[in-house]
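Every chain is named by a letter (A, B, C and D) in the order it is written, and numbering of its residues begins at 1.
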Amino acid sequence: MSAEVMEKNIELKSGVNKVFTDPDADAARAYFRGKSRALRPKLTTVEEVVRTMISDGDYIAIGGFGANRIPTAICHEIVRQGKKGLGFAGHTSTHDFQILSAGEAFNRCDIAYIIGLEARGLSPNARRYIESGKVKLTEWTNATMSWRLKAAAMGLSFIPARNILGTDTFKYSAAKEILCPFTGQKYAAYPALYPDFAAIHVHECDVYGNCHVYGASVSDFDLAKAARRVVITTERLVSTEKIRQQPEATVIPFWCVDAVIESPYGSYPGNMPYEYFSDEEHLREWLAAEKEPESLKKFMDKYIYGTKNFDEYLALCGGTEKMNKLRRIELLIDKK
Amino acid sequence: MSAEVMEKNIELKSGVNKVFTDPDADAARAYFRGKSRALRPKLTTVEEVVRTMISDGDYIAIGGFGANRIPTAICHEIVRQGKKGLGFAGHTSTHDFQILSAGEAFNRCDIAYIIGLEARGLSPNARRYIESGKVKLTEWTNATMSWRLKAAAMGLSFIPARNILGTDTFKYSAAKEILCPFTGQKYAAYPALYPDFAAIHVHECDVYGNCHVYGASVSDFDLAKAARRVVITTERLVSTEKIRQQPEATVIPFWCVDAVIESPYGSYPGNMPYEYFSDEEHLREWLAAEKEPESLKKFMDKYIYGTKNFDEYLALCGGTEKMNKLRRIELLIDKK
Amino acid sequence: MADYNPMELMICVAARNLEDGATVVVGTGAPCAAAMLSQKTHSPNLCIMFEAGGVAPILPAMPISVGDSRTFHKALMASSMPEIMETCQRGMVDYTFLGGAQIDMYGNINSTMIGSDHAKPKVRFPGSGGANDLASLCWRTMMMTVQDAKRFTDKINFITSPGYLQGGNTRYEAGLPKGTGPYRIITNMAIMGFDEETKWMKVLSINPGYSRKDVQDNCGFELKWADSIADTDPPTADELRILREEVDPHRYIIGR
Amino acid sequence: MADYNPMELMICVAARNLEDGATVVVGTGAPCAAAMLSQKTHSPNLCIMFEAGGVAPILPAMPISVGDSRTFHKALMASSMPEIMETCQRGMVDYTFLGGAQIDMYGNINSTMIGSDHAKPKVRFPGSGGANDLASLCWRTMMMTVQDAKRFTDKINFITSPGYLQGGNTRYEAGLPKGTGPYRIITNMAIMGFDEETKWMKVLSINPGYSRKDVQDNCGFELKWADSIADTDPPTADELRILREEVDPHRYIIGR
């Protein structure tokens, strides 16, 4: 390394906030060494997964984008079981963030996108929660969170990139500037993100967790590899014979997966590509209920605390008739 | 950066050999800024592509793995047109390396795997060519070459990894040691590899270059992004309507692609997954011919210099009857 | 002259800036409408991309989310967020559009917070999402926004997404890719670019019905002015018809 | 006792080291045969992976190439080289097998060249391929090889793939992942492991028909010896039957 580069090293900046998870690749390897790669059936229940695979204080991540292809049942159950003190990957999060905020389930958050529901507006309750100061915040971006997961999926402790340099997003992140050893170019270095737990909703998988996903995949294939423990909720189970007929279509392999749950309409009230569109009416009901803490409490009592499981929630929201309606919108048979 | 880390920086090692291509990401961006992303038909011929898209001295890379799913016609034409002084990415290369060595087309080579044909043995001529000292060599590994392409596909100038440290493979590479800014862990840093030209053989694509590939993809999806100019040879053209029916199956998007050539049996004498198996007999003929320079010259005159194009080569090798036979082996109808 | 509202004007102006054969990453709303209008007027082969992974869809309706089914309806590719972001980082994406609560004279944008304590913001917004990424990595960033002196400020509370940072060469010295940066700020009153040397915001043309004074009075910092200030061409009848009938027939966006 | 050749012995011994539920990256030839034999005897759920991307295929025949169609025939996944290598780097792959022209007392392997001038080698071999990667990143590396004093040398010409480098902790000090390294060297004469502290090659058991002297005489460096040297269990009749009838009926490998 040249003297010039060394000198420059001294001026390299760091973000002021915390890395909430250990980026150390050898620590992750030590965990993965003990993770089962046996081809064994992994069917279980939402209740069981949340009870046994998430401890208070764990750092969790949720698959999908916004309200699209999210494992809603897992988010509900985290709140229903009253999990507390979680760390959360606020990466392309919208309705999942809204649910977990309603349960005040987390106290630290990596931020790429939070409190909003895209074109639908902001979540009043999630905003109150964040503005309260109860949640420790570290700023990132969507690409950065994707790359932090990719670094972990690759088995690294960091990865370089060319965004966020020079901004307050950098200043309030936990990134560090580094120099390319070949060109001297300045890069942002990001710490690998190995979540303790991840939940991902897919179209199809077998009992071992070999998954098919259709449509945009966001960062889920990297997330499945990066997380120490992974649960897959699936619209439908398929046979392993079907998986073996098209091996190039397997996007998450079984060894990443610790638990599998069949969860039809599992992304409701969000959109599941090719299956059903989002229930905009019910999402508006969420936003309206959140305006005051009292109305939110009533809403949560009815839909989450007062239901035993996700099936009861679906029934409350209109059951099969509603689901058929959302399928017709998805398939462009009916206008929304 | 702590004083301790800075001190350590001074001891960081570098490989002694050359980086044959410019890893600078801004230089690559400047090229890509001018690359057409218009959705325009790109059909052309092998002769035209090699004549207009490859200049003597360019650095080229070939898709596929070994003799599997390789763009054989392009390799032949490079030799037939007498291209010289090329740089070559010797990444999982076998029969492609053998062809280009027979034409003495390159004079510098990044090595991961060269001169061998896996279980079939070593290429006598390629070995002579390398042992002659005519070719400048830099050592790498399969994973490293994959990651160098990935770094380019990501738009970076370098990427860290945990292999090759402490070995002579590192010493005779052009890698550099760096430290993780978060953990202090030592890593190998690899320079991004942006080839001037890449040729990739696929199962299906449309006239714009949107591609479907079945079976193992090796590093081809990253290669298609990393290379400045890309030609796709395809077993068959498909309509853009077919591409749009399954957008998640598009593995190389049109904007990476500069030229498209329909090239049935295009991986012959190599294996094309689900289509035809390798022609082991003809590959043995290659190896036998290579034993002496004289017999190789005769062989090359017959098969490459004496043929106008790849169709004539296929005809010389047994034509449709041979292709049908190889299909029956691929489909496990006949034993090889 | 056709009658139109400010949103319609901004969308039409934005659409004109997207040439055929270019690539653009858009979000929901006005940027998506501008890209669709551009396709239906002069740029049939404009390639529209969404950060969740959708590429070149045949959009059957306005997406609600940049990751919903519409964003990859009959698309040429349904890929991933890293795929799109790395395509930007590699220099293959020409344009993007950003929004924000504040913008300063160098085109820096705030979509994170109002206040001075990051740990306990006075007003919290969603944060970067993909905005910083696209502003950092695409060649040319544009913004469509209603103009007022609070939004256009020299006291930006938080730089979420980079414009030209502190002006001059500071953007590239910080390490951001060479040659990138804010390109056009399209408001209800005017169209701005940036001075080549200082990178300070510079008015290029004024929209019908507004004066120089309007434009300056509704900006919290002193604007630079191009040597000759053009009149912004108003939306044509054709543009308006296509926008209203084909792009946004339910007036989700132009009815705001 | 069944009659068998050295290759059959080595394959049977290697197969016993692959436990059910483990992951192993193999090449063509003997390692692939060992993994298949292991599946058909005690490890039905051994997950076989190939570096070109094939995962858990139902192998219809011996692959000729680690990227040919057989390596992902009815596989659970046909992925990519980075996918496989990153799975190794993440610590999810337990075993791999390497070959080479030379091996030293610390398990370092040469598959690159003989000679002293890298630019003009006396004898050139293919180079690392994936060997260095797998040796660096998988938990446990094994080797099957015929043993002679030229191949087992303390004057290795080129360290292509890392064993324990210069012994002791040098492997981890160089930056390679903690806890990884050579595990078993299976030869026609003996089975070796490595001393826990010094990482020097250490004989664990001697194969039927060979003596300590044979093993040492056919090794170019002084071997360490375990406190108690076992006799290698010869292939059982069952192992041999499955190997000959089901794994390699055409004797492509065991006939060598």
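To be clear about the criterion, contacts are C-beta pairs under 8 Å (C-beta built on N, C-alpha and C of every residue); 3 or more make two chains touch, one makes a residue touch a chain.
For clarity, every value in this text was computed on a predicted model and none was experimentally measured.
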Winner on C-beta contact pairs when B-C is weighed against B-D: B-D
Chain centre separation in whole Å, for subunit D relative to subunit C (CA means): 57
Whole-Å gap between the CA centroids of subunit B and subunit C: 39
Distance from the mean Cα position of subunit C to that of subunit A, given in whole angstrom: 28
Subunit D, residues touching no fewer than two other chains: 54, 72, 78-79, 82, 88-89, 137, 177
Where subunit A touches two or more other chains, by residue: 25-26, 154-156, 161-162, 185, 187, 214-215, 217, 247-248
Chain-level touch network, classified as line, ring, star, complete or other: other
All pairs of touching chains, each written as two labels joined by a dash: A-B, A-C, A-D, B-C, B-D
Footprint of subunit A on subunit C - complex, ascending: 28-29, 50-54, 60-61, 64-69, 71-72, 78-82, 85, 88-89, 108, 112, 118-133, 136-137, 158-162, 165, 170-171, 174-177
For the subunit B and subunit D complex, residues of the former touching the latter: 17, 64-69, 90, 92, 94, 111-116, 118-120, 122, 127, 130-133, 136-137, 139-144, 146-147, 150, 161-169, 172, 177, 185-188, 214-222, 271, 273-274, 277-278, 280, 330, 332, 335-336
Partner subunit D, residues of subunit A touching it in the complex: 25-26, 28-33, 35-40, 152-156, 208, 210, 225, 240, 243-245, 247-248, 250, 253-255
Footprint of subunit A on subunit D - complex, ascending: 20-23, 45, 47, 54-58, 72, 74-79, 82, 86-92, 94, 137, 139, 177-179
Residues of subunit A touching subunit B in the complex: 1, 6, 9-10, 12, 19, 23-26, 154-162, 176, 178, 180-183, 185, 187, 189, 191, 213-215, 217, 247-248
